[in-house]
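Paired with chain B in one complex and with chain C in the other, chain A is shared by the two complexes that follow.
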Partner chain A sequence: MNFKLKDIGPQLMTVLAVVLVFGFFTYNAQVNMENRGIDFGYGFLSQESSFDVQFSLIEYDGSHSYFRAYLVGLLNTILVSVIGIILATILGVIVGIARLSPNYLINKFAAFYVEFFRNIPLLLQIFFWYFAALRALPLPQDADAMFGIAFLTIKGLYVPAFIWQNFNIFFYSIIAAIIAITVIRIQAKKLQETQGKQTPVLLISIGLILILPLLSFLIGGVRLSFEVPVLKQLATTSFIYEGGVSLPPELIALALSLSLYTATFIAECVRAGIQGVGKGQKEAAASIGLTPNQVLKLVVMPQALRIIIPPTTNQYLNLTKNSSLAAAIAYPDLVLVFAGTALMQTGKAIEIVSITMFTYLSLSISISILMNWYNKKIAITEK
Partner chain B sequence: MFKYLKQLTSLVAMVAVLFTFTTESMAAKKSKTLKNTQKKGFVRCGVSQGLPGFSNADAAGNWTGVDVDVCRAVAAAVLGDANKVKFTPLSAKERFTALTSGEIDILSRNTTWTLSRDADIGLTFVGVNFYDGQGFMVRKSSGITSTSQFKNGISACTNIGTTTELNMRDFFNSRGISYEPVAFEKADEVVAAYDAGRCDTYTTDKSGLAAQRTKMKNPDEHIVLPETISKEPLGPVVRQGDSVWEDIVRWSLNTMIEAEEYGITSANADSMKTSDNPQIKRLVGAEGEMGAAFGLDNEWNLRIIKQVGNYGESYKRNIADTGILPDRGPNELWTKGGILYVPPSR
Partner chain C sequence: MSKINFLKPDKSNLNTFLYLGSFLFFISVLDVLVNSFFSFNITGFLPGFLSFLLPLILGFIGLYFIRIELSGIKQLDLLNKNINTNNFNAILSLLIIFIILKSIPPILSWFFVDASFAGDSKDVCTGTGACWTYIKVWMRRFMYGMYPNGEQWRINLSFIALALLGSVGYFATDKFKKYLTLYYVVIYPFIAFLFIFFFISGGPVFFDFSYGIIAAILSIIIGFFIPSKFKFYYFLIVPFALYILLKYFIFFEEYIELGKLDGLNWVETGAWGGLSLTFIISFFCLIFCFPIGMAFALGRRSGFPLIRYISIGFIEFWRGVPLITVLFMSAVMFPMFLPADFFIDKLVRCIIAISLFEAAYVAEVIRGGLQALPRGQYEAAKSLGMGYWRMHIFVILPQALKLVIPGIANTFLALVKDTPLIFVVGLLEIVGMLNLAKTNPEWLGFAMEGYVFAAIIFWIICYAMSKYSYNLEEKYKTDR
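Let's turn to the complex of A and B:
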């Protein structure tokens, strides 16, 4: 009994202290809010928001509820995070490998890029891309068409919209291709393990993902046409493009700066991962007759990934959280729409800030869980 | 004998306790905010992050503007020195939280008085120091001279967390015009983005438009359209629940406006003490007990007028002479065709 108490005593004290501190703050907030006549409650979420948002993935205007405004902000945060993570990963891997290149120029250029972009505060980079780069862009009426169909202007990037007919058939054909590829891969692996035969899985996969959707066009009645943006005059010197899809410059600047910044860190993770694999491993692999490609694919990468994934997860989390700097350049993310405008219009500071904090927490934990799962999957399984 | 002594002592003690209690409650009547302010030695005032004419800091960090003058007036009344103010620049988003959380004691930051703000969020508006309305600014070269020329797809830059965002929606919706709202957290960024050509129009309170225009690369390239789409009575705000402090701020503002009405200026305030008009004498602390109810001395209003000036002086110094809005419009006294009208100090 004595032993047990000594064991759990400190833990109990800690829990008690946490509960007390938390309880004190809650009580304090309650008393002060009561004194100042501020109500507490989440009822406002169903009220009409009566403000508009510049850019939204779901249908939204001021006649929808505050909850819907919250969803708009959340989806915009997820959108810019996903774009940022994808771009940062691609760029990071390229730069990370480039830093190990024996080519002096490529090597030094990659090193310069990493040192330059990771040592300037992100907010400054966002301002640079938004304000400095934006000012250099042409007005809509002066913009030259890119490939004859897209326009990069100070008011955003205008690209053609896809107009699909029978899109569902096209979608099913891609699903079918993915299922077929998975089955073939499993079969190929079995074949290699039991009979030692190699199947050209990559070629078959590429073929399937091209042929099945193509078939849907030929016999499935799927049609695709483009709607090209057209210049429209609003006033003597004020123009916009109509039709097509417009990407606001705020999104472009934010995604660009987030990915350029985060890619530097990912590049360092990749470099560390590859350098972390022992030289002997590569030499041993080569000595048993594997081609350089096979060495990279079968020996180096599986081991390097185990080193790369955990720190890269941190970078993904950072990128997602850093996306809240969006408020500075008017990108309507969760912080700007919900913890900004909605908070101001309702005055529900505690409620909204707590929801926002909880949302970022959930987002980050989701990314963590996903990456931990992947990390476990590629970890060495001791036999 | 000793028995009586004991009783006597307890009686004295009781009286003492009772007496302490009454003095304590008298002091409490002086208001917690007032006591704290006098203890600290400065008034904590929330202002904008830079709006010429209203609250703007120069290179040396000196704040000027009509909103700033309200805080200075309170400092002159309460502490005897109009310079004993600590200014906290706040974004539109931060302002109410800063006030309700007790970080500042007066919010004098071109804030629109609306029902929901007054009723919902633990604030009390004490008055109006500027009657404003929302308008639009466009480039002269666009050829637009009226909001009726706005077309579908127009992009409008503005601030978040303001009534502007709501009025803008009402305006465009009622006319059936689709628009792209581009809302920034800070005014400087709104100006930069509009100036760069990101938006076709910039919308906020007309006084704000006039003030921000002076910050643009080339102010002459822009015009403010004549239409006013909303009522924006701007005024100082205090926390709910301290009615004495609320009264002090309200009557500091009223004193400035009424002083103008009676022709009392910073220059002639002292000589007005011997005026024949009892109302003027009350306004310079020469008659009546005008400060006692607030727990202030009798010359609190004289100090406001001497150190800060009357409303007209403040307007001229900050808004007219700087070329922002030379015409006082509705912000003229009721006796001169405007709508400035305050209850009498008596």
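Let's turn to the complex of A and C:
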């Protein structure tokens, strides 16, 4: 250990500055809270919240605690993020591949889509869908049925609800199918490596994932029926749909704009990834006699995914963080329910904002740790 | 043999298939065209389902017929190569052509044909198209927010002055070129700050503006006689020192209080808004987030572990939280952290919050550039005897920044697109003003026009920025 002033000096100064700033803030916060008679603490989480939330995935009303309100908000955030991520991935991959199409029209159409949607602020797009586009939808009583079962109205989308009997048997059958497929895949890989024999893994997998749940219907006594939403008159001019599942327009607008916006970025990632695989790789693969499908599956995709996945995960994170814009159109997500309503009621600014930030922070840090691990795993080890 | 050939177009029966195929293709496009522009269905006599699908089927057969490899006709080969390589591509091309044809008439009629432009009240908007009158009437609010009409020349003047001062770089002669960095890093932000915070605010701080301008001009003039070795430190210190000198020692506050000097009307920042506020916030955040981000990028690559961990903590914290919660924090939590009698303006708090937030992203982008540089560059610089700062300023950063121009441009674009979020703290830039105007009882029901208008403006700004960054990238591209 050799202490050099040259090394210690700058570090000490930086640490000192950080400590001073934080100390200044903490001191002021203490003084301010004393002056206003606010006490610091997270005890309010177990108090009765006494406010209602429009849309929640778990049972919730005013008599539940603030902590349950937090859970409601968190689950709503996760719901819209998951819907957005699925839609954005599908759209993004299609557009990204379309951007590489030799077909001039498809190529330009995809380019137009990307340039159009990514140069308009997300908030503006959310407002557009919510306040302008979805407001043009018909009233519940005028709505036409889509395929006879779903209704898209100004009050939201009404779809049939699944009513399961013996759902756990169905669930177990799916899990059993997944386990069986994993085992078969591992066996097939072993067989390929030791004896060079190829097994039609894909066909077996599809068969398993179809047959096992089907068996659960036939033997296991699983029953599935649909509850179709029905129009009900509340007053002379007021109608609603009863039964089924209703998705509020806020959720639709948010999921739609988030996925349309993020899909442009994912499309660019996909394009960059596929372009990043050298032409020589494809030619080499073709010259050793692989079929075009095998070239794509065994040579191009593994290399392209290595380039595509890290930035795409970043986009997923961005989408999750952007879902907090829900507050602008009153979709009850974490920010609106917790950092909005709950903060207004309790006045616990520091506690609530810190919990909200910590939630998002832990979400992104855990995903980035996962990403770093994945990156290390797939990185090319050069000799 | 000829029977098989009948279904397989090739060069030997080129003419038959070319004419037949073009004819079918033409018919299918014509059908959709007539249908969408004149709403007349040529194939109306057929059953509904068939009539709906007929253009696609005809077009598909037509494109199949004209798919003749190496026909010898240049245009045909080009067409086949670009939109008609196989059956799947042919169907996709047809669908896209039909979508374009179908969507042009409604868009055109909404934007222009049925739209109303004249008049200045809601009554003229009776058509089915857009009501651009609404935009026209509310134009000043969308551009300047609640800023008083009579004072808006101040915003215009500030922006024109800043644009002119900003374009100095294009006209500078070689003699002055070497001072440009200094100018853009120190002098220009200083003047911009004076213009925007003092000139647009007006009121008592207008005098700060005059002192500042005098200080800037004086320091530039004296600056020519300073030996170039000290020029950097000179410009870092003297303008601010002169400004403080002028403010507190030469022009006394009594002059103002005595009424000998009279300033401009005071406009508080809460009244600022519209597109001008978008520009103001983007401009300052751009200026501030870049040096902060650069500092943290260097900090994260630093050899001192404590500095490195602090930088990592800062970057990961800001990158992990959504901007909206940061703005929430600046609105409700930040005042708690300051002494009770200490007040920071809402707009300034916003700018600080967005700058710190974007700085974390800039830092990551710049770090990418720093990591991409080969180690030889560092070693070469060190072997020339350069110290840490000298090495970074003259060797490392110029190369690293050049590498990350696209990334930085993307971050700046994200910044511009994030500005509407300031609605959280109650500041209304253009999107916020649109939402306000939309709820005005006299102008209900024109949300669509407003959002389309704002979308066009933002699109133009962002698209221009991305094209400009592309040009910069091309300009500074050097082969390694």
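Throughout what follows, the second predicted complex is superposed on the first by the 357 of 383 C-alpha atoms of A that agree within 3 Å, B and C clash if a C-alpha of one lies under 4 Å from a C-alpha of the other, contacts with A are read in each partner's own complex, and residues count from 1 in each chain.
Going forward, a residue touches a chain if its C-beta (ideal position, glycine included) is under 8 Å from a C-beta of that chain, and two chains touch if they have at least 3 such contacts.
Small disclaimer: the values here were computed from a predicted structure and weren't measured.
Asker: With the two complexes superposed on chain A, say which partner A:Q54 touches: chain B (first), chain C (second), both, or neither.
Answerer: first
Asker: Touch check for A:N35: first (chain B), second (chain C), both, or neither?
Answerer: In the superposition, A:N35 touches chain B and chain C alike.
Asker: Which chain makes contact with more of the residues of chain A, chain B or else chain C?
Answerer: The partner with more contacted residues on chain A is C.
Asker: In the superposed arrangement, does A:T236 touch chain B (first), chain C (second), both or neither?
Answerer: Only chain B is touched by A:T236; chain C is not.
Asker: According to the stated criteria, A:L343 is in contact with first (chain B), second (chain C), both, or neither; which is it?
Answerer: After superposing on A, A:L343 lies in contact with both chain B and chain C.
Asker: Is A:E283 touching the first partner chain B, the second partner chain C, both, or neither of them?
Answerer: After superposing on A, A:E283 lies clear of both chain B and chain C.
Asker: Which partner chains sit in contact with A:F131 here, chain B, chain C, both or neither? Use first/second/both/neither.
Answerer: A:F131 sits against chain B and chain C alike.
Asker: Would you sort A:N103 into first (chain B), second (chain C), both or neither based on which partner it touches?
Answerer: So A:N103 only meets chain C here.
Asker: Classify the contacts of A:A327 with the two partner chains as first (chain B alone), second (chain C alone), both, or neither.
Answerer: both
Asker: Between chain B (first) and chain C (second), which does A:D142 come into contact with in this model arrangement: first, second, both, or neither?
Answerer: neither
Asker: Quick check on the output: what are the common chain A residues between the chain B footprint and the chain C footprint?
Answerer: The answer is residues 33, 35, 131, 135, 327-328, 343, 349 of chain A.
Asker: Quick check on the complex: what are the chain A residues that touch chain C?
Answerer: Spelled out, the residues of chain A in touch with chain C are 7, 10-11, 14-15, 18, 24-26, 28-29, 31-33, 35, 101-106, 109, 115-116, 118-125, 127-128, 131-133, 135, 321-322, 324-325, 327-328, 335, 339, 343, 349-350, 353-354, 356-357, 360-361, 363-365, 368.
Asker: Can you check the complex and tell me which residues of chain A touch chain B?
Answerer: By the definition above, chain A touches chain B via 33, 35-39, 50-54, 61-62, 131, 134-135, 139, 154-155, 232, 234-238, 240, 242, 248-250, 327-330, 332, 336, 340-341, 343-347, 349.
Asker: For a test of understanding, state which residues of chain B touch chain A in their complex under the given definition.
Answerer: 92-93, 96-97, 100, 116-117, 120-122, 138-139, 141-144, 149-151, 153-155, 157, 160-162, 165-166, 168-169, 173, 179-186, 189, 192-193, 196-198, 200, 239-241
Asker: Which residues of chain C touch chain A in the complex?
Answerer: Residues in contact with chain A: 81-83, 85, 89, 92-93, 96-97, 304-307, 310, 316-317, 319-325, 328-329, 332-333, 335-340, 413, 416-421, 423-424, 431, 434-435, 438, 447-448, 451-452, 454-455, 458-459, 462-463, 466.
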